[in-house]
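Chain naming follows the written order as A, B, C and D, and within any one chain the residues start at number 1.
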Amino acid sequence: MKLSQATTMLDVALAEAQKRGVSVCISILDAAAWPVAFIRMDGAPLGVIDVAGKKARTAILFQMDSEVFAKIGCPGGDAYTLENTNGGLTSFGGGIVLRTADSTVLGSIGVSGASTEDDIAIAQAAAKTLTA
Amino acid sequence: MKLSQATTMLDVALAEAQKRGVSVCISILDAAAWPVAFIRMDGAPLGVIDVAGKKARTAILFQMDSEVFAKIGCPGGDAYTLENTNGGLTSFGGGIVLRTADSTVLGSIGVSGASTEDDIAIAQAAAKTLTA
Amino acid sequence: MKLSQATTMLDVALAEAQKRGVSVCISILDAAAWPVAFIRMDGAPLGVIDVAGKKARTAILFQMDSEVFAKIGCPGGDAYTLENTNGGLTSFGGGIVLRTADSTVLGSIGVSGASTEDDIAIAQAAAKTLTA
Amino acid sequence: MKLSQATTMLDVALAEAQKRGVSVCISILDAAAWPVAFIRMDGAPLGVIDVAGKKARTAILFQMDSEVFAKIGCPGGDAYTLENTNGGLTSFGGGIVLRTADSTVLGSIGVSGASTEDDIAIAQAAAKTLTA
């Protein structure tokens, strides 16, 4: 992941959030789960700073979008307690694995602060910049 | 949040707890989740010191009373694992967002040590001093 | 330590700080190092919240005022690295052991936010209420 | 602190770092020490992600640039062990308090990854955008 790829994604995610009229935090991690870039939009609640990071962390650590992870890492799921590993992961949507056009994993993005549907849509808009 | 507002709330909360014959901890945070004031009543179990703080933290970080948060941050809730973010949050009542008469968020209060109903009532009594 | 003793100390410490024209945090712990009461005065920097607590913690854990502890828990001191135990202690003044008139240890008080001299004087003013 | 102020600072800091031929991490916090924006330049060592954040945290928590803090929070300094409070602070330069033209504290910026002199110069270049 290059910083220029991350900042392009931030720009697109920010525009998408503004279009939807929501305030979110956006966290981008590299393929080794280390932070590359982060922004908090004006008005986003303080609690979602950590949530955005954990969504991205969940996605890259298991190379699985957090809404997919949610189905196994939960009470009754095939891997209940997996959500409590790695310092705490996130069993709901908004964390997405970032892949290039040839499917190379570049990192992940986590969006939090709006409805889960909006969070996912914003993350997907950003992710698409890598394959366009 | 001014200290004078917080100490007025502590006085009212303490009187309400004494009236109900219960021993609680009361934690007051500012709008950025930093502590402003705290008291532990004689006889309150040691474990509730942290609980009072986490209730207040839950309320201010998501600008949502902890009993409302409890409905989404729990197994089967829309945001299961949200309760494990931000160092651990509280999915039961007793943490209340503090607002002025014009709805400005000033901070939060967390009360713990009695029944959840008593904890909530004590927190609400304190919160009302800001709008009276 | 009773809450009423702690709140009396908070009142005296607050008055002493106001007389000196400084903004401090004041933390009071019981004899087992658990929090009894805390206040942050308007204008105190956020960083001193933790410092006030650590000063009080240092004093009660070793039953030694933090300015005395400072002489042994430092590079070159008789117990260098002691300051790094117990989650981090404080090797400068402002944490004072609280004793009754018959020398029973009741707990400790930590004051932070002003000069070390002012912090100590404020803590001492509060401590005197237990022996007067 | 508005996000637009933070992203303007990131742009200026990034340009200054590129001009100097160095790779750094840049962390911007609000006045209550919560993250607003962060970037890691290509080639910056992973260890400096945390350092940039701690520099910024040091500056805002004590409203003191980290190179000034370094003179008191160190062995032999007036407040040895202060550097170990608040989860660990930074006793060297590169963390700067951000103020508007009328001296209102807006937050802080931390830069890490180059020489301390370069880190400070990059942070200062960014900080100037608030007073220009």
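Assorted remarks:
Just so we're on the same page, contacts are C-beta pairs under 8 Å (C-beta built on N, C-alpha and C of every residue); 3 or more make two chains touch, one makes a residue touch a chain.
Just so we're on the same page, UniProt names per chain: A, B, C, D = Heme-binding protein.
Values in this document were obtained by computation on a predicted structure and should not be read as measured data.
For this pair, chain A with chain B, the centres built from the Cα atoms lie 30 Å apart. The geometric centre of chain A is 26 Å away from that of chain D, both derived from CA atoms.
Put simply, the C-alpha centre of chain A and that of chain C have 43 angstrom between them. Residues of chain C found to touch two or more other chains are 46.
Taken as a contact graph, the chains fit none of the simple arrangements: neither line, ring, star nor complete graph.
Every pair of chains that touch is listed here: A-B, A-D, B-C, B-D, C-D. In the complex of the two chains, the chain A residues touching chain D come out as 2-3, 6-7, 32, 34-42, 46, 49. Residues 30-34 of chain D are the ones touching chain B in the complex. Residue ranges of chain A in contact with chain B, taken from their complex: 45-48, 50-51, 54, 70, 73-75, 83-84, 88-92, 116. Looking at the complex, you find that chain D touches chain C at residues 32-33, 60-63, 75-76, 78-82, 84-86, 89.
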